[in-house]
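Chain naming follows the written order as A, B, C, D, E and F, and within any one chain the residues start at number 1.
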Amino acid sequence: MSTQRPPQDPESHPRVKAVFDDMRAIRQTDFVNSFWRTLAFDPDLLERTWTEVKQVMAMPSLLDPVTKEMIFIAVSVANACTFCVHSHTAAAKAKGMTDAQYAELLSIIAVAGKTNQLATALQVPVDAVFNADTAAPR
Amino acid sequence: MSTQRPPQDPESHPRVKAVFDDMRAIRQTDFVNSFWRTLAFDPDLLERTWTEVKQVMAMPSLLDPVTKEMIFIAVSVANACTFCVHSHTAAAKAKGMTDAQYAELLSIIAVAGKTNQLATALQVPVDAVFNADTAAPR
Amino acid sequence: MSTQRPPQDPESHPRVKAVFDDMRAIRQTDFVNSFWRTLAFDPDLLERTWTEVKQVMAMPSLLDPVTKEMIFIAVSVANACTFCVHSHTAAAKAKGMTDAQYAELLSIIAVAGKTNQLATALQVPVDAVFNADTAAPR
Amino acid sequence: MSTQRPPQDPESHPRVKAVFDDMRAIRQTDFVNSFWRTLAFDPDLLERTWTEVKQVMAMPSLLDPVTKEMIFIAVSVANACTFCVHSHTAAAKAKGMTDAQYAELLSIIAVAGKTNQLATALQVPVDAVFNADTAAPR
Amino acid sequence: MSTQRPPQDPESHPRVKAVFDDMRAIRQTDFVNSFWRTLAFDPDLLERTWTEVKQVMAMPSLLDPVTKEMIFIAVSVANACTFCVHSHTAAAKAKGMTDAQYAELLSIIAVAGKTNQLATALQVPVDAVFNADTAAPR
Amino acid sequence: MSTQRPPQDPESHPRVKAVFDDMRAIRQTDFVNSFWRTLAFDPDLLERTWTEVKQVMAMPSLLDPVTKEMIFIAVSVANACTFCVHSHTAAAKAKGMTDAQYAELLSIIAVAGKTNQLATALQVPVDAVFNADTAAPR
């Protein structure tokens, strides 16, 4: 059940086909998930979104692929995005995240979630030492 | 301005002093930030919170210290915790996060925040291939 | 599956029946969705909630009905409310939102979600020019 | 106080200067706010972010400028982004949002926030009629 | 700094004056906080909001006043509402919440925040036993 | 469907068995829910999480068990944690929360969610009287 019907034959649209072909080449699989199939109702939005996801998540960069997926999972959990948590946890595992690394990721997300709530509850003032303009930070 | 007055002389309480001493030794600085100084109003809560933060964030583990701080920042941003974003961005930089790594972290947080909203708006059903019970995941 | 059993025969309660009748008349359909059927376990809470939803969303006002639904969707997406995203996207479409308008709504929600995260990560100070007390704003 | 020091002389970097010049031309003001000045620490991230914000928010489109800003405000409020709420409320007012329209926007955000919580608390199942694949929606 | 200028002389408007008088009588203080003073820019929105806050929070009910404030604080912390966290923590203390009760409240908010993240990360399916329609719940 | 396969025979691990046995004794039921069964993939994370949940939620304390569950529900709703909302609403009912108390809890969560959004939208400055360092609070 979704809020938008995916197009019946998305790849009949040349820009959608180009995006799906690029995705298949980069991810080395024929599978295109429901997010992209549904987003194809608007080829322009699909194309712009894929261009950005590809640039940030699929291109070689300073951070390794597993680290990038772990950061993505952390945001998706805090934002309670069911689909994203599923798809990016699967992606992290496919890229090599072990059970032990996943347990450590969960521990960090958990302690961050916890201390986020405590600091927000206490409304602690930000120490001047954290100011990037002046600080020898800690 | 905070919601709870920090104790005037927190280290007169032996359990608070023990926590602050441990923190100073591990972080190799005399500075104790406002979060811990305020939390000291309840020595038990302070002690339990520090024990967990220390265990997850300060002990050697599978993930390197900068990666751990980047994950912590990602959660704190999504939870809009002002103090935590400040303190953990400063911590990540103190542990060696470069401007280029920080820019990449921001790019991942941004694209995750964006696609989280899109997937939640579309209410895309989770593909069966993402199911950890059965999947050869992607 | 829900956390509260909906009453078996909600309209046997006169205040529930009055709310459902009003809803049917205003929405010009016999259908009453699961949210209202479940909320009927407490006729007072049902009545107060419907009164407010009706006043804000169903009465003629400055903003047109599709715009109002789009704003409602935007909040519901950011709050990750599955039921609300579904029911209000369907409502917006029933009131005339086109696929092209929906794609634009998604684009705005996406870029807002993205820049929200960036601004929160950077903890950018609010420029004085934005202060409503003094500003010729930009 | 921010987490990242803005560059001292951002416009000495040609790509930053190009973005700021484009922004000034489109917004018809010399003022560049702190968000963009801070993001300039990474010219690539600045450029990509501005390109998207410009495309979605500043180019003529189906939705009028005030409606677009109201949707942006709605997301920013739900995500608790202080800077974004300030800057986009000021922008909406600069583009013509009246006090009466703003009061209606607040009423919609408020009732959405409220019913979001109620529906999430009740975990109401989504009615089949809302399914975009099959529905004559309500 | 706020997004909306509070009216200069709010009580010159009879409906605003009536709300403020009612608030002063119920709260037994002359002080009217900035939230209400700012909301007075729209007397109708002010009146409707106060009516609801008064009905839920200030009238005698099943739950005692401190418990009600603690629940309000819990929601406000999770929603990262700075003003609300401040005003309702102060209110809870004024109504008798002790430091020990506050520490316990913080502990519950913290463990909930933590396990919320874990359960969302794991995407654990909801056990049938929790279904209110059928359950002998646990 | 979950992101992590629960171990096939979790209680073959002695630390998992010890946690499950402790849980059964304290909760006086043989049932162990899916959250704990899945978390058992990492016995250390399971043990630490249970120790904290037990300490905060299951041990006698200043707040009564139903109040504690109501606060837990409030946080879980605001964080949109489906599993947590289900499990803790069921727990609250099992511990004696009546329909009338639940309706009042929902009313408080709803009005908090609503005024959270209003205060965040208005970016109301925090009144000095709320400062815990100086205040005779209201």
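In this section, a contact is a pair of C-beta atoms (placed from the backbone, for glycine too) under 8 Å apart; a residue touches a chain by one contact, two chains touch by 3 or more.
None of these values were measured; they are calculated from a predicted model.
Both chain D and chain F are touched by A, B, C, E.
Number of steps on the shortest path from chain B to chain E, with steps defined by chain touch: 1. The chain with its Cα centre farthest from the Cα centre of chain D is F.
The copies chain C and chain D differ by a rotation of 180 degrees on their C-alpha atoms, rounded to the nearest 5.
For D-F, the equivalent interface among the listed pairs A-E, E-F or B-E is A-E, as over half of the contact pairs agree by residue number. A count of contacting C-beta pairs for B-F and for A-F identifies B-F as the more extensively joined pair.
Chain centres here are Cα averages; for chain B and chain C they lie 33 Å apart. With centres taken as mean Cα positions, chain C sits 26 Å from chain A. Averaging Cα coordinates per chain places chain A and chain D 20 Å apart. Multi-chain contact residues of chain C (touching two or more other chains) are listed as 1-4, 49, 52, 75, 77-82, 85-86, 89-90, 100, 106-107, 109-118, 120-123, 126, 130, 132. Residues of chain C that touch chain A in their complex: 80, 85-86, 89-90, 99-100, 102-103, 106-107, 110, 117. Within the complex formed with chain B, the residues of chain D that make contact are 1, 3-4, 41-42, 44-45, 49, 75, 79-81. On chain F, the positions that touch chain D within their shared complex are 73, 77-78, 80, 82, 85-86, 89, 106, 109-118, 120-123. Within the complex, the chain B residues that touch chain A are 1-4, 27, 29, 31, 33-35, 38-39, 49, 52-53, 56-57, 61-63, 67-68, 70-72, 74-84, 86-87, 89-91, 93-94, 100-101, 104-105, 107-127, 129-130, 132, 135, 137-138.
Listed in rising order, the residues of chain F touching chain B in the complex are 1-5, 48, 52, 126, 128, 130-133.
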